[in-house]
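Note that subunit A is present in both complexes that follow, paired respectively with subunit B and with subunit C.
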Partner chain A sequence: MIARSKAIESILEQLDDETAVLSTTGMITREVYAAKDRPGNFYMIGSMGLTSSVALGVSLLNPERETVILEGDGSALMSMGTLALIASETPANLIHVILDNESYESTGAQPTISSQIALDDIASAAGYQSVHRVDDDEGIKTEIAACKTSPGPHLILVKCSIAPVPGIGRVDLTAVEIRDRFSAHLG
Partner chain B sequence: MTIPSTEFWAALKSRGFGFFAGVPDSTFGPAYNDLLNDTEIKYVPAVREDVALGVVSAAALSGKNGAVVMQNSGVGNIINPLTSFNLLYKVPALLIIGWRGFGGPPNDAPEHWIMGVKTPEMLSTLDMPVEQLEVEDWEATLDRLLTEIQEQSVPGALLVRAGLLS
Partner chain C sequence: MASQQAILNPATMIEEFKKNGVSHVVALPDSETNFLYELMDAESSLDVVPVAREGETMAVAAGLIVGGKRPVCLIQNTGMFESGDSIRGIAVDLGLPIVMIVGYRGWTRHGVTPDSAARFTEPYMDAWGLKYYLVERDEDADRISIAFEEAYENNTPIVVLIGDEYHGFNR
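Let's look at the complex of A and B:
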C-alpha cells in the first residue's frame, strides 16, 4: 500500500495548473502544501468534514474548471451526507479523492470505522458516475487520467498506509491569504 | 401586513444573490417553494446546515453572492464552520434563518423553546452581524445587513419569524 504523502504527490503530478484542489484539515493539507504548493490549492485548516461541501459549491459555480477534493476517511465519514449530495448534484467537473488509511492519523492514528465500511461502495450506491479503488502509484495515475476525460462526479478511494512524515510543517499562509490566492485563481 | 414572498426573493436577486443552499423550514411557508421554483436561482438542497454553509461559501470564493436558508434549530450545526472557516478566512455569506420558538414558551413546539430564546445571543456571541426582519422598512434592514456583511467580510444572519413572508 502506498504511503499517503506519496499518494498525494502522485495525484498532484497528474493535475493541470488550472485545476482547483481543496484539501481537508490536518495532515492531508500539510502534506499537500509540502508536496506542491500552487495557487489553485485551497487549504482547509479547520472545519473537519466541510471541504467536500465547499468543493461542491466551487464545482457548481465554476463548471468549466476541474475541481478535486482531497480528504481522508475520517472526514468522508463525518460528512457522508455530502457524498450523497454530490452524487445528486452531478457536477461533471468534480473528482473526489478519499485518502483512506483507516485512521485519524492527524490526532494520533486512532482507528476509524473505514476498515469495515467500503466508502467506494457507498459512493457507487449514491450514484457517482465512476468509482475506483486503488492502492499504488500506477493505479492513481491510471484512474486520475480516466477521470479527467469523462464526466463526473468521480470517486477515487486510495487505500494507503499510516506513514506520518517526520517534521512536516504547517501551511505558511494566513487563512485570508489562502482565500485571496484561491479566489484570484478562480478568477 | 406581510412581505410578499416574490418581492423578498426579487430583492435578493436584484442585489446579486442567485446561489442558495439550505434545509427547509416551515417558518417560510410557501415562500420556500417560491425559492425552489425560481428559475433564476440555483438552490442546492443541502443535507445539513453546515453543508449548506460550505456550499454557499464557494460563492464568495468565486466572486459571487450566496445565501443559506435554514431553521434556527440548525444554528448549532453551523458553529464549527463559522468559527474555524468563515470567520477565520473572512468568507461572507447571508444566512436567512427561520426563527422557531420566537418569544420562548409556550410559543411553538417544545423542541424550539430553548433555541427560540437563545438564537440572537448564540449568533451575536460570535460577533456576527444579526438583523431581525420586520415588515416595516424591510429592504432598509436587508441593505444594512448586507453592508455589514460586505464591510466585515463575514457571514451575517437575517432572522425571520413565522408569518412575515406571504
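Let's look at the complex of A and C:
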C-alpha cells in the first residue's frame, strides 16, 4: 500500500499547472505544500471537512478548468452530504481524491470508521460519473489519466498507509495570502 | 520548573471520568487529546463512540442520557464552533446535563495568541450562555467533578476547557 505522501506526489505529477488543487487541513495540506507548492494550490488551514465544498464552488464557476480535491477519509466522513451534493451538481471538471488511511493521522492516527464502510461505493451510489479504488503508484497514474479524458465528477479512493513524514513543515502562507494567490491564479 | 509541574496527565482525566460514573465518551479525536484517546480506548469501563463530525457528539450524548447512561463529549474548541446548533437545540433547549470536555486550542495564560480558535472560544460560550471551567493541570481536575455535579443538579450543559499551554496530553 502506498504511503500517503507518495500518493500525493504521484497525483501532483499528473496535473498541469492550470489545474486547481484544493487540499484539506492538517497533514495532507502540509504534504502537498512540501511536495509542490504552486499558485493553483488552495490550502485549507482549519475548517476540516469543507474542502470538497469549496472545490465544488470553484469547479462550478470555472467549468473549463480541471479541479482536484485532496482530502482524507476523516474529512470525507465529516461532510458526507457533500458527496451527494457534488454528484447532483455534476461538475464535469472535478476529480475528487480521498486519501484513505483509515485514521486521523494528523492528530495521532486514531482510527476512523472508514475501515468499516466503502466510501467509493457511497460515491457511486450518490451518482459520481466514475469511481475508482487504487492502492499504488501505477493505479493512481492510470486512474488520474482516465479521469482527465471523460466528464466527471470522478472519485478516486486511494487506500494508503499511515506513514508520517518526519519533520514536515507547515504552510508558511497566511490564509489571506492563500486566498489572494489562488484567486489570482483562477483569474 | 513550573512548566514541568503543571502537567495534566491523561490518566487523571480517566480517573475523573470513572469517579463521575461516565459510561460513554462521545469523541472526535484531536491532537491535544491524543494520549487521552489511547487511554480511553484501553479502559474497559468506558465505551468510546467515534463520531464523524463534532455536532453529532451532543446528539449521541442526548440519546445516551435519555436512555439512562452518563456520557461525556470530547472535542476541540474548533469542533465546538462547528456544533453551534447542536449545542443550542439539543444541549441547551432540551435542558440536558451534557458535560463537554473541550480542548482549548491556541490558549495561552498571558492571553496573547495568534489563533482565532482561542480568541473566539470564551465569547462563543458566553453567547450560548454556557458555564465553563478551565483545567490546566492535575490539581484542577476536580473541576470536572464540579461540572458533573452542576450539570446534573441543574439539567444544563457545562463545558470543561482543557488549557493546552503545557501540552500535558501531548507528552
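Rule of thumb we're sticking to: the second predicted complex is superposed on the first by the 187 of 187 C-alpha atoms of A that agree within 3 Å, B and C clash if a C-alpha of one lies under 4 Å from a C-alpha of the other, contacts with A are read in each partner's own complex, and residues count from 1 in each chain.
By our rule, a contact is a pair of C-beta atoms (placed from the backbone, for glycine too) under 8 Å apart; a residue touches a chain by one contact, two chains touch by 3 or more.
Here the structure is a predicted model, which is why all the values come from computation and not from measurement.
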item	value
Which superposed partner A:Leu61 touches (first subunit B, second subunit C, both, neither)	first
Partner chain in contact with A:Gly46 - subunit B first, subunit C second, else both or neither	both
Of subunit B and subunit C, the chain that contacts the larger number of subunit A residues	B
Subunit B versus subunit C as contact partner of A:Gly108, first or second or both or neither	second
Touching partner for A:Pro151 - first (subunit B), second (subunit C), both, neither	neither
Touched partner set for A:Ser79, first subunit B, second subunit C, both or neither	both
Interface residues of subunit A shared between complexes with subunit B and subunit C	46-49, 79
Parts of subunit C lying in touch with subunit A, wherever the complex brings them together	29-31, 34-35, 37-38, 50, 52-53, 78, 117
Residue ranges of subunit B in contact with subunit A within the complex	19, 21, 42, 44-48, 50-64, 66, 80-81, 83-85, 88-91
Residues of subunit A defined as touching subunit C within the complex	46-49, 74, 77-80, 104, 106-108, 110-113
For the subunit A and subunit B complex, residues of the former touching the latter	42, 44-58, 60-62, 79, 81-82, 84-85, 88-89, 175-176, 178-179, 182-183, 186-187
